[in-house]
Structure formats: C-alpha cells, structure tokens
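Labels for the chains are A, B, C and D, by order of writing; each one numbers its residues from 1.
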C-alpha cells in the first residue's frame, strides 16, 4: 500500500538544494541498513587522490538521482502527458533510488579484480533477505522483482527503464553536476532545469523536445569535458592501477596459502568468490582501507609497498605514447625482467577507452543509447542528425596509451635497459 | 634551506578555486605519510549524518587554511608593512598547514572518551620520529620546535601565533566557507577577499582596518548562524552521543577483561591510554568504522546495538527542555532504572555550550580573543565597542537542555514511568 | 475568462533561473506598453553609481515578484491548504506582477521633489484607459478594481493583501536576492526555498511554520546588512541628493518663467503637477537622463553644474556626525551664506532613517508588519518573542547624521568659515 | 609621471569580485566625463529584449577588461618573465580600460546604419580635446598616441597589442563571463584563473602553456555556445533589425527635408554624418530611446510604428529556411509589393555569419587570430593541430537564413501571395 508521509521530509543537498521525500516507502528505504552502507562507498572511487574535494559518497548521489527522477515524474503528472503510465511512479522512484545499491568499495577496481558486477549485486540485495526487500514488499509481493527488472533493463514497461537508464537519465545528470561541484571543476554546469522541462514521454521512450537541443548539446559537451578532465585523469588511473595490483597480489597470496595477519570476514569469502548477500554488505571502503593499513606490515614486501603507495599517495608515474604494438610491449616486459624489475607489477599499460564509462555514441546500433528529439511535426530524429556539434564530438577519440611505473625503481635500473626502451620512460 | 619549486603546483579546490604551492617544503609536507592520513579523518566528524554532503576531510581543510595564510602573507609582503616580520613566512605557513595534524578519528567524541588532546598530538607528530619532522628539519634543527610552539601559542613572535590562531584567523575563515559549501547551507558566505584586504599587521597583532567593520560583522553573523544551524544541530549531537557511548562501553568491556573478536593494533593501546606516536598515526575513521562493523557481532549486546545504531543512523531521539536541575535529573535516572532502562546509556543530557567550539566573546579578559579595529587615527578599538550588531549577538545564549534517549525503548516502558517524567518524553 | 497558454512560456532569469508563465493573461500583461516601460526604470535608482552592476530594471524585479508569488500559490494548491482561497489565484498573480507599475524614473527622488506617490500611479494605470486595464477586464469588468484594491491594501480578502505585501512577501524576497546578485555583495543570500516551504495560509494571513524560524532569522539579518551596506550607502545617498537638487532647481526655474532650451512633453506637466496617465507613462529614465544632458547647456549655471555632477558622477562628499541640533544646522547655513556659498544647494543634511525603506519592526502596533510563527500546537507567536537574534537586531538604530557638500567649493572658502564650523568639514 | 594611489581603490564587481585600482592615472580616467558616458551604453545592445537581465553597461565591461589585464600583467611581473616589457604596463592598462570608449548607442545597428566605426571614435576621443586625453598626457605628450596605436593594432610592441586584442584576450574573457552572468545562461563559465596562470609572454606574443590546453578548449566551447545561444539569438536579431529600420527611416525622412518634432543636437549631425568629437559624446542610449519615445507621434506613420515596436517589444517574427537564392528573394519582394506590403521594411533577410562577431578560426592566414600553445620543448603549436575538439568545432557553420517580417501584416494579406511564397511564412 502506497502511503504519503504526513509531512514531506527534506534533505539539504548542495547540488539540488533540497531532496524532497513524500512517500513513506522512500523514507523507509533510505533508512535501511543496506542503503546507509552507501555512505561508506565514495561516488568517484579514487578520484579524491586527484581532486581532494571529491570525497562524496554514493549515498548522496543516490539521493540526487532519486530527486531528479521525482522532479521529472512530477512534471509529467502535472502536464498529464498521456504517454506516461502514472501507476509506474513508485517503481521508477525506487529503482532510481536503489540503482547503485550493489556497488562495492572502489567499484571499478574491485570488480575488475574479482570479476564481480555491481548490477547483479544490486538485484540480489533488492530480492534477498534484506531490509530493503522487506520495505519493497509492502507494495506487493512482486514489487522487489519489478524494481530489479527495471535495474536489469528487462521491465515490461520500457519507458520506466528508459527513464532510469538512458543517455540523458537522472543518473548521468546527477553525477555530472555532483562530481563537478565536489571536484570544483567548472565543466559540469548544465542547464538541468531546461533539460527537464523539455523531456517528454513518447511512445514508450523519454525524448526531448527539439527546442531543447542546445541544452542537450551543452550537456554532451560538459560530459565530454568531464570524462577527459576528471574521470580519465591519469593520476586517478594511476591510483586505480595500484588498487588493482593490491587486490591481485592479496588474492595471489591467499590462493597460495599465505597466512594473513589481518583477514576479517568477509575478505576470505571475497578471495574465494563465495560471498553471501549478507557478507557482501559487510564490504565497504572503511574495511578496505583498514585492511591496507594492516597489510603494510604483512611479510610479503610487495603487498606492503603497494598498500603504502595507495595510502600515502605515492602513485606510479606515467608516460604517454601515441601508439604501442604488442611486440613493443613484450620487449619492454622482457627488458624490465632482465633489469630485475617485475614485468607485471612494475609496468601497467592503460588505454582510456577500455574504461567502464560510456561516452555518447549516436551511431550505436541500439536506439537505447540514442538521444531522440521530437520536432514540431511530432517526428523523432536522432540528435546528431541535426546537431553539428554533437556529430563532431561523437567521432572524437582522444585516447592515448599510458605506461604507468614506479619511477624510482625504473630510474634506478635505467642504465640496464636498452636505450630505445629507456628513452620511453624519460620523456619528461 | 628554503627553496622555491621550479614551477608552482596547484590543487583544484572547490572553495578557493586553486591552492597554490610555491615552496618545496610545503610540497614535501603535503606528501608525508602523516599529512595524507588526514584524508581519512572527516572535517566535521559525524555531521555527515545530518548533512549528507559534509563528507569532506581535514586534509582539504588543512590545505585551505594554508592557502588563506599564504594569501594574507603575500599581501603583507606586497604592501611591505613594517610590522610584518618577513623572515617568519615559512614558520607561519607550516604551522597553518599542520595545525590539525594531530586530530584523531571523530575527534571531539574520542577526545572526551579517552581524555586526549589533538593539539598535544599535533606537537608530538611535529617533533617526533616522523616524515613531517624530517621535512621541517631541512629548515633548521630547531624548526620543528618553532612550528610546535606556534601551535602551542607560546612562540616568541606573538604576531605569528595571532595569524594562525585568533578570532579572525585562516582556520575559522576556511571552515566557515568550506563547511557551508559541503553542507550546502547558505549561511557561511563571507566576503573573505574584503576581510583579507583589510587585515593589517600592527604592533605584534593582526588587526582590521575600521573600514572593514561591516565585513567582519557579516563574518560574525555567519559564524553565529553556522554554530546554531550546523555545528550544534541536535541530530549531529545525537550521533556524537552514540559514538561516545560506543567508546565508553568498549573501554568498560576492555577494562573488565572482555575478549574482543576484533581488536587490531592500536586499539588495545588506545583503551590503555598508552599510544606511541606511530600507533596514534594508525588511528583513522576507516579503522573506527571497521571496528564498529565487526563489533555488531560482539557478545555484548549493548555494544552491538550501539554500533548498529551508529552505522545505520538509528540515532537517539531528543526532547528539548527550558531548564533542568540536578534533582530532576536524578529523579529521571531513578525512574528509568526502576522501569528497567539503563540509567546512563538510555539517557544523555546535553547542553550545547559545553561544546568545544568557541563563539566570539568580546568581553573576554584576554585580548587574544578579541577582534581589534584600527581606526583612521591609528587607534585600536575592540569591535563590539563600535558595532551594535556585534554587541547584540555577543550576549546571546541560545542553549537549551536536550535529553537524548532510545525512543522505542522508552516508549515501551512509558506506563512504568511516573506521569510527570513520562510527559517529558512525549512532548512531541 | 481564465485561459492557460497552450504551452508554458519561460524567461531566463539569473536569480530564479526561469520565470514560468502559464496563463494567457499574465503573458498579455507582460506584453503591454505600460509593463514594457518598466525596462526603462532602474530597480535601484542611483545605486549603479555606487555598485556598477546594479543596472537592473523594475521589469526584471516585477517578473521575479510574480514568479515567487506563483511558486507560493502553486505550493498552497498542491498541499490543498483549506485556508487558501483558490479562486484568488489570478488576482494575486496580477497584483504581484503589476505592483510596481506606477514607479517613475528615479522614484524616490522624483516622488520627494514632486510629491507624487507611485502606488497611486499604479492604481491609476491599472484602472485607466490603458492596455493593462484592457487585459485585466478580460477577467471581468471589476477585475482591475480588485487588483487595484490589493495594491491599496483594501481588498476584502486580507490573505491576498498579506501575500503581496507583508514583511516576508515576494517583493522583499525578490529584491534582496536580485539586488545582491546584481551589486555582487554576498549579504543577500537567503534560503528562499526553505522559507517558501514553511509558509502557510492561516486564518486570513500568511504565517511561517515555527521550524522555519532560523531561515527567517537569516532573512532578517541579510536584510539588515543590505540596508546598511547597499540601500543606505552614503555614495548612493549623495547621488540621490544631487538628483533632488536638479529637480528642485528645474522646478524653481520653471515656476519663475525660465525658458528651457529642452523641455519636451511631459516635463511641463510634471512641473505643474498636472499629468494625465498617458503623460505619466512617457516618463522614464531615458528621458530624465536626456534632459540632464541637454540642461548642461542651460543658461542657469547651477542647473548645468548639477546635471554635470550627476552624469559625470562628481558627487558631493560627506562627513558623518554623531548628533546635530537645529541650532547648529542654522549656524552652518548662516556661515555658508556669509562665506558666499549657497545655504541650501551647497549643504544637505541627511539622516538615513528618514528614508522610505522599512526595516522590520516587531513592536509595530499593527500586526500587518509582524512576522508570525505557527508553532506545533497551532498557536501564533510573533517572531521576536522567541528569537533572540530578531529581538536584538530590532532595537538597533545605526543612523548617523551625514552632511553632504560640494568639496572643492567648501574647501575654497574654508578660511572664511568660523573654525568650529570649518572643522566639521575637514574631519577626514 | 606615474603615481600610485596612496591607498588602493576597489569597485565591487559581481564577476571578478573586486576591481582593484592602484594607479592614479587609471582612477582619473575612470572619473572622466567620457568614460562615465559608457554607463549609458549597454554592453549587449538589444539583448535585454531577449534576456531581461542583460542590462549591464560597457562601463562595467570596461572595468572588467582592465582588471583581467591588470591580473595578467601582475602575474608576468611576479614571475619576472624576460619576454614581458615591464615599461609597457601603463600603456597596456590604459588601452584595456579605454578600448570600448568610442562605442555609440546600440553600436552594431547604428554603425551599420551610418557607416561609423567605434574603433575610429575611440581613437578620436583618446587623441582629441577631451578629459581622457588630458589625463593620458600626464604620462607624456605622446602617450595618447601610444594608447591609440595599441587600439589600432599598430603599436610597435606587438606583445602589447596581442595582450589587448587576440583570440584569448581580456576583452573576450570578460565579456563571456559577464554576459553569462547577467543573462543567467550557464554556458559562459570558464576557468579564467587557470587560463591566466597558463599565459606566457613569448617572442612578442602571448601564448599558452600546453598544459592549459583543456582550459582553452573549454573556453572555446563556451564561446561557441554563447554565440549561438545568446549573441545570435533570433529575437535579438529581430530587435536589431527594427532598430536599423528606425535609423534608416529617420535618415530617409531627414534627407527628404522632413521637419521632425524632436531632433535635438547631435541628431542632425548624426544624419548628416558630420559629428565632432564633442557631439559624438552626446550620443547615448538614453537619447536614442527618448527620440524613439517622441517619434512615436511623428507624422510619418512608418517611423512611429517602428518606434512603438521597439519600445514595446512588438518585434518581427521570423521563419528559418535552409537555403535561399537571390532569385527567390526577388520573387518574395515582388510578391510582397504586389500584395501591398513594403518590399524593404516588411521583409528582412538575415544570415548570422554576416555579423560583426568573430568565431575563432584556426586556419586564419594571419597568426594574430591564432591561439598558440607552448609545449614542453618550447615549441609553438597552433591549438587546433593538437586539439581534436577545437578542430571539430572550428569547421562548424551553423548559420541558416532567417526571414523577419511583421506577422500580422503578412498574415492579413496571405491570400494575396502566391502559395509557394505564402507557405514560407506559415511554417510554424
């Protein structure tokens, strides 16, 4: 049963000014154990090592996504658009609020290291023996499954999926604004009010009135700049690499029977890839950082050094190279090994587009990744067909290869490397 | 030896736009193990449970204090004020940067629970066998002691102490602006540029040109509002109370020989109040939160419940009472005990002015707590003598008694409490 | 007949982001000749001579007042408060939009010089043979009269009057925010969203929920600072004095039959105080400034000099004196005359509280000037009864006497003034 | 002789917070009759009819350009770059402050209508019998000529010309920021601090350190958006068209001996294109608006209607067409004439790139229009060579033909137009 709160509750928010909660279900979801855990997971992972202000949590981002979704729906309801199914309000709001529930500590790195997927975990938490699931069931036994299917993008009402996840969704709008605010960069300013006003539910999709095209262009340009200035920043990449190396090394040690001086639950389960939902919920960034603090003193020197590097921000340096073939990579690794360096841990090769972030691609085969404009004749047109600026930034591909390495260690053996290889690492 | 960096380094900062680092020493200090630890200590302790944006660290605040101090000194140098001792620049900058170095996790609560003092710890770190001390010694063997004495307020050059610590210092200006920015409240906006421009070194003190009076008034009003709206917010107080109870309970258990399932170094030392500097530096909020996560499952039910309350933000409720005498307090405690409640853990009495924050008091006996204006005839006058607004807010005393208690537990035994006492807890 | 626009129209606004227009009547009113005239009247009169950014017009302020009123009413409607008479929506919106329609060029000065009153003119325009009146009559023959009576504060539904004009009305909120934005001062930041959310229609008045008290305190403090830092700024006062002197001098010349080289319609009517509504509407700041440009070359030297002073911002200097009695004033005027100065034009005495701005006074006999809080027991209480800060700033009275004078002229005859009088003018 | 003010003066500015004046010459220039006149010329001409906040004057923009230039030079001086000629400081500051001095009312329209050029007038004022020239001569008899030659771009020290006028100059940075602030659009936010920090004087030019590339990209994207969203906005274009038609019609009437009821000096001289510097300085937007107010009642109906249209914002509507050849234009004009419309006044054809604004073009033959980056090997490289984003927006050409026309008049004769032509005007 759907109940309104006697009195609207608000959260003060630096980005949206106030987050408004009108439904008892939303209020209860926010107060669950599982949702409060998001306070201990940073929104931008290791970016705080590059931009010291970026210490905001997934908790505040999740509230923001909920709030934007609430505003969109409330506008759809006021305008009484026939294409918006009003009975879907709660499922959309809950999915918006909970969409990041399954994120683990330093998500991108831990997911790569342990082949996990935060979306799967979100669904497990929504459907499992959890406080969140209990709250959702108040709206019907099948309600948790509805929410999960929106997150999985399989919900029958495609418009709800589209609202929660599309190239112009509440998730992306909140993170652009929020990450810009907390890092302090100017790039992320978008005219969200205008974009929201231009959104229309239309034939099972959320589209944009053509007169909102310029605001969307500006949004896409902001996003482009945020990717290259913030999300793909090489210092952040360097810290993600260290993090991944720590996880990799710890797992290697665990797999070879190393006896850790510090390995509280649920870390053994994590290494074995056998975590229950309850164990998964014990994972947070406090635990990971505490483990790193304790592992500084492990008998394995490599693990200790990597942990110190991460905690004290003694990151790998990097050089940028235009192109790099497999052969050259092999040569470098061999030369490193010959010079007494570790061919894997002392060299990481990174190419930004491998990253789990998506830049807008209008030529995507699937229309789900497209932004559609609704023109005055009620025709739908893909934005890059009429926007020169979108077309021109869509083709861009700025990625370069970056080699990350422990500067002092490589410098110490520089004269033992072939000159052609040594020269790569001293370019600046 | 004092060296400039070949090229100025900058940190992007949401509050001051950029933090500028020109000196090699400052750059080295920021990169020490001890300074990087401040990333794991929140600036506003538990306030993030009230204002979810307030997740910023003492690391970013410390950079901000350094930056404001740098701007003040750079202006003094440009104007070539004779009362500013130019040779004191580095000691002032280092003291500004390091003044919060000794803060522990959730400082105010942990200091109360274990009778520690962060200023003492700052000095121990500055003077001990640490990376920070090693960097400082590059400027002379006695340089760490100079910095420590500025922090202790005993440095011979009073003007340096005054610059780093006074009612209008860089510390207070940064935290007002920063806490307002990250909480999102509007109260903390001050015209810092104008205040900085009006500061003058004068006869061993930092004073304000009289024409800057209105900007100072506005600063004091902002501060007044921040105290009552943010720093003394009852929800934040409630979370500090839970925190203190956790520390108290854990220490009781430790003292009575309880065998903890999770008690890594340096927690035993903390409970015994025997911490070395190296151990103290292992304390951070990641460790404290991890301990709480593990202690949920301790055999002591009270400790487990308190930890869950803190982590899941199931805080104590509160009622406000105009006045409260010792007798009434005793009556309540007895009634609680008789009703099966815990007379200490289930009731906490709080009066905001007990807090470790200082509101500006112009009538302080010591001139160090005064803000002095320099009028056009080069006379010094204490600000409240000529500002009606400062005089009128100085006398204000808004504190009321607050009783904090576990709502469900008290409600469950309400009919077993005398009506006069029960009525206190159901006022709203 | 009340009609919605097919599609909402918006104006981009730097203060409220967007102004939303949903009603055809509002759209038509904005597009009238009379409303567009407000583009040629500055919101802050001569303040742009002190704060160069303050060039914003009454047009943009009027849109802002309308927008805030629209948001308040829309919130009342959503919450379905029984005390809000929904049928009054259009009369409230129209009165909010049009309340400043009768302002003349440099209102405060011109009203003083010619004993006019902008509120009277607003009503005349609303009721006269104007485009505005024609639009309003579309809602009923008596609709213009309804709007006029709201502006006159005699409308039978007191709550509508209260919404449009009270110590916490849309007018004041918009001008605080807008004037702060355009001058660039930090003082005017208020948490308008929170105040709006706390407003309640209650027994024929707009009151504030008690939990909004701190936001109202902050609003009153901002207002206090804006009055003293911006509205009463001595440089602005000085320019208003010059302006009044120009009008006074021109009228003296006109009354004595001077033949002006430039005196287009409706200036003769203005001097004779016989303006029709159509003539009044020809008055704007473009005309006044053009007249001043042309009058520089009038044969009357005093008028020419005053016009140059205003246009070239060669304002009178001022000295501040703590107290001043009538006798001293007489003495100064006599001494000035004896020294060859003009006893009226070369000396103006100003005491800020004479100004047409109202600072909040809680002890006002009339409850209309009070801000009432609605506590949790549904009792009304005047804010200063429970807010220490409001009580303390209410009593404040910062006014001092200011003497304004042409610096070079007075300096030139300084030795011909008695020393006791000369000393007043050289204090700084 | 170059003198510092005893005490720095400041102007509060919403964009740069404070404008700092340290030199007596600058202070005196600001206080001249000619510079104060810029208060009566809007920075964005008729844009206030589209964006009501855009009422800011060239006075505030000029102060802003001066302030940015001051900050750049002060940074060059602090860093002691050898390529910056320190003795050129005052000539650069004066040229920056005065570069817009010759702008007339609604510059772009009036310049087109009367074939004037504001740069010529700036030089005439700087060199003529004016207060500005008198102040400048205090720095040497040839100083006015130096300033004028910087404005004419012929000054021998090319680096000074480059500082004051280049694709990344203080002028452009100020107007982007200022116009964004006053219109309220979000597009104009640029990281000016970072750009300033990256500027280097280098071999007679101002170049940008390569690491500032992203900030420059962002600046160019902001500029691109501002051009299309603000400067080329069709409503603004429509009002410029009306304005030009008014000037054209008035001149036609004047040339044919029409006796105007209102034509004060210097309007006759303007129509005859025989203005002295003193007469030119009488031109401002107050005069132009006053003339339009009076001309509403002229016997020439067309002039009266055009003036009403402008003052009451009853602008021409527009339709957008992809392409348009001369033949079609002729056909439309003939059809208009045949239907009783005026072939010139009732139809205006506009193609945005005809405008006097320059979009950055990296392939410009002249290097003066290029932005050069200085890489780590001290090589200069044109930005679009290494920035994909700059390259991709440089080629863009968004202009479309717009036809502007009086909607009601054209609609009234629609059935008298050939269908192929009628259809053009009813597309939406």
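Keep this in mind: a contact is a pair of C-beta atoms (placed from the backbone, for glycine too) under 8 Å apart; a residue touches a chain by one contact, two chains touch by 3 or more.
Computed from a predicted structure; not experimentally measured.
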* To do: State which chains count as neighbours of chain A and simultaneously of chain C.
  => B, D
* Chain whose mean Cα position lies farthest from chain D -> B
* Asked: How big is the gap, in whole Å, between where the Cα atoms of chain A centre and where those of chain D centre?
  -> 44
* Structure fact -> Per the C-alpha means, the centres of chain C and chain D lie apart by a whole-Å value of 32
* To do: Find the geometric centre of each of chain B and chain D from their Cα atoms only, then give the gap between the two centres in Å, rounded to an integer.
  => 51
* Of all residues in chain D, which are in touch with two or more distinct other chains? -> 17, 185
* chain D contact footprint on chain B (complex, rising order) -> 8, 10, 17-18, 193-194, 197
* Would you pull the chain D residues touching chain A in the complex into a rising list? => 185-187, 189-191, 214, 217-218, 221, 224-225, 228-229, 376, 388-389, 392-393, 395-398, 428
* Structure fact -> As the complex stands, chain A meets chain B at residues 11-15, 17, 31-33, 36-37, 39-40, 48, 51-53, 55-57, 59-60, 63, 181-185, 262, 264, 282, 284-287, 289-290, 293-294, 308, 311-314
